[in-house]
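This is the structure I have questions about; it appears just below.
Read from first to last, the chains carry the letters A, B and C; within each, the first residue is number 1.
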Amino acid sequence: MHIQIDEISKEFGSTAALTPVTLGIPSGALAALLGPSGSGKTTLLRILGGLEFPSSGRVLFDGQDATGLSVQERRAGFVFQSYALFRHMTVFENIAYGLRARPRVSRPADAEITRRVTKLLDLIQLPQIGTRYPSQLSGGQRQRVALARALAIEPRMLLLDEPFGALDARVRKELRQGLREIHDNTGLTTVFVTHDQEEAMELADLVVVMSMGRIEQVGRPADIRARPKTDFVREFISV
Amino acid sequence: MSDATLVDLQRRRAFRAPTNEAPWLRVLLTLGVVGVLALLLFAPLIVVFVDALAQGAGAALASLANPDAESAIWLTLTVTAIVLPLNAAFGIAAAWAITKFDFRGKAFLITLIDLPFSVSPVVAGLCLVLLFGSNSLIGGWLVASGYPIIFALPGIVLATLFVTFPFVARELIPVMIEQGRAEEEAALTLGAGGWRVFFTVTLPNIRWALLYGVLLCNARAMGEFGAVAVVSGKIRGQTATMPITIEMLYNEYLSVAAFSMAALLALLALVTLTLKTLLEWRYADQLAANHRH
Amino acid sequence: MSRALLHPSPMPGFGLAMGVTLTMLSLVVILPIGALLWKGAAFGPLEVWRVINTERSFAALFLSFRVALLAALFNLVFGCLLAWVLVRYRFPGRRLIDAAVDLPFALPTAVAGIALTALYAPNGAIGSLARELGMKIAYTETGILIALIFVGLPFVTRTVQPVIEEIEKEVEEASATLGATRAYTLRRVVVPMLAPAALTGFALALARSVGEYGSVIFIAGNIPLVTEIAPLLIVIRLEEFDYNGAAAIGIAMLFISFSMLLAINAVQIWSRRRIGYV
């Protein structure tokens, strides 16, 4: 699905988190929002997911105005930085949640839910952990469960806020590869937030460099590296 | 106004953060909750003062100056003055043993300390009567030697100790668990003795939690009714505490006198609540975690 | 943990602290409760049952338990709503109300008792309104219910409040991104997270209400078989010097208290096992 962000701004009281930004993310792309802390990455991602409403501007999905769509209607698979797993539910129930939450007419039968959850557990390569509770998982496992839970609703796009932020270096590398594979297999338009330029450059097709609520540069990793548009970008990617 | 901004405004009105309830539901819930509290908490409190002042402040004060009333106030203060230090000492000792050492049966000990919270005050009084009453073994002997416990001050003190038993320990234990043992251990390595460690390291760390516990203990001690009603014998001018006196006056239809004494205790409750809230605001980080709002 | 009775520790003062603790505990709590249990044992379980099983004792125990259960159920629901409103909503006077929730802990029960009676009696401010509507509150079971609701009001709120504060916003947002309506989120995510704390508060409120005396006797009317609560019957038996009768009812109430304590512990162990926190 093509995502178009059109002159979006966002103020929290008197602080401007986003000064008008415009950005197009082509269908099927894997895009990274890259920038230092406080640059507005999370705010932009939450606006895409319907968790925050822009002060002005529009969001278009496949050319259709989606600004007024509620979070439930957007069907965005959202992975939170803290994973936000339901700790009173087993891994299985966590992943099945979105399917069970559907209205009766569109809710799959129990057997179908089991089939889909099992498939997702295989996809994240953790087929054995369905009966465990989130408190019994490692950080990397939790991250993958959160991803599976987001995928279970057959989302129209995948939004991830610092998906590897809380993990150690080795696990990060592993999971990066996992995300790339899942993206390539599903073909979902995917946007992830990071402040690690190496991660953005290595993983993304499209890197969006942000600073202080503005978009500094958008481009393929190689282009950004070869031709940084501003001093800020040059500095930021050289560290 | 341009069309675009108009559309924006309409959209924004439709948007509600997904973690919020609908505005009408919020208003309804808030009003409902406040309404119930008004009927259940605020109205009785107001009634106490209104009924106390029904015949003017003079009548209310006069009823408190009556010798029986004065003796009741004096008795309640005496009991509290005995109970509070004992309870504080027990609470500190229990919290020290439980948080600074690891031993078997700790969970059971904590359950025993909490036990008085779930025992009816009347049953507590009954227990004391069975143990120390004049027709029990110990009680008979004590009465014969001239130290009666039931229908006398010691019984009232014991009953009050029973119902207030867990207050201080309950406040201190979570705080001391959270603070850990490192500071005390550091002081020990520097050569401080046990008492010195306690007074210079532990006590400063727990003083607000201790005060908090003592405050709650005080409110309950001055207001205890059921347990004291059973063991005191309700002898006017001798073993009638303030709450017992309220009951006697109320049953004699001396409404102003009953409510005047009640107002005195209600004032105490208000002071307690105020101090408690101030402690929670000011020293939230030094109180048990469940008092932090 | 190993099976050692006491782990070696560099900390001083174990003997003194434990000595004070056990001495006070024995003198104030264990010995008196032991005396009641001893009395029951000497009296014999059959005799105890015979006393409890008389119409009046049974009616009193059943009344105390039934109305306390109703009051605790009310407080369970109301306490959760109140905690939710206090934590999540902002409105003028919120801090005052938050502080006032503890009033039942601070206000002596006898004071609460006469105040509630004055208010809800047929000639009281609210009671007279109720009378116009053809209802009687004070001197009926409804009056007892109101007193017990008052007494148990803070428990659920105070146990649930910190849990609501700790629910991460993201968890509710995650539920919404997965397509759940607000009602579904509340039902399947929020309520289960509050359940252990709410049940603990419920059990505490119930334990307190079953044994409550001071705030009830003024408003109850105290008619045998109708509005006579169990603690009052104990007091009456003691005034008649019927120690065996009083002890039998006391043991029944102690039994209820112990069951409640066990229930609280079971809830906490269950939730810790399942979710890894209390």
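Simple rule for what comes next: a contact is a pair of C-beta atoms (placed from the backbone, for glycine too) under 8 Å apart; a residue touches a chain by one contact, two chains touch by 3 or more.
Here is each chain with its UniProt name: A = Sulfate ABC transporter ATP-binding protein; B = Sulfate ABC transporter permease subunit CysW; C = Sulfate transport system permease protein CysT.
Treat the numbers as computed from the prediction; the structure is a model and nothing was measured.
S.K.: If you tally contacting C-beta pairs, which comes out ahead, B-C or A-C? Let me know.
M.R.: Result: the pair with more contacts is B-C.
S.K.: Which chain has its Cα centroid closest to the overall Cα centroid?
M.R.: That would be chain C.
S.K.: Could you pull out the chain whose C-alpha mean position is farthest off from that of chain A?
M.R.: Following the centroid criterion, the farthest chain would be B.
S.K.: In angstrom, rounded to a whole number, how far apart do the mean CA points of chain A and chain B lie?
M.R.: 51
S.K.: Averaging only over C-alpha atoms, locate the centres of chain A and chain C and give their separation in whole Å.
M.R.: It comes to 47 Å between the two C-alpha centres.
S.K.: Which whole number of Å gives the spacing of the CA centres of chain B and chain C?
M.R.: Centre separation, chain B to chain C: 15 Å.
S.K.: Which residues of chain C are in contact with two or more other chains?
M.R.: 173, 176-177
S.K.: If you look at chain A, which of its residues touch at least two other chains?
M.R.: Touching at least two other chains: 50-51, 71-72.
S.K.: Touching at least two other chains at once: which residues of chain B meet that condition?
M.R.: Residues 18.
S.K.: Mind pulling up the chain C residues that touch chain A in the complex?
M.R.: Residue positions touching the partner: 168, 170-171, 173-181, 184, 188-189, 192-193, 274-277.
S.K.: For chain C, which residues are in contact with chain B within the complex?
M.R.: 1, 3-7, 9-14, 16-21, 24-25, 27-33, 35-36, 39, 78, 81-82, 84-87, 89, 91, 93, 95, 97-112, 114-116, 118-119, 124-126, 146, 149-150, 153, 158-159, 161-162, 165, 169, 172-173, 176-177, 182, 204, 207-208, 210-214, 218, 230-232, 234-235, 238, 243, 246-247, 250, 253-254, 257-258, 260-261, 265
S.K.: Where on chain B does chain C make contact in their complex?
M.R.: Its residues touching chain C are 18-19, 21-22, 26, 29-30, 32-34, 36-37, 39-45, 47-48, 51, 86, 89-90, 93-94, 96-97, 100-104, 109, 111-124, 126-131, 133, 135-136, 158, 161-162, 165, 181, 184-185, 188, 193-194, 197-198, 216, 219-220, 222-226, 229-230, 242-244, 246-247, 250, 258-259, 262, 265-266, 269-270, 272-274, 276-277, 289-290, 292-293.
S.K.: For a test of understanding, state which residues of chain A touch chain C in their complex under the given definition.
M.R.: It is residues 49-51, 71-72, 74-78, 80-82, 84-89, 97-98, 101-102, 133, 135-136, 149-150, 152-153 of chain A that touch chain C.
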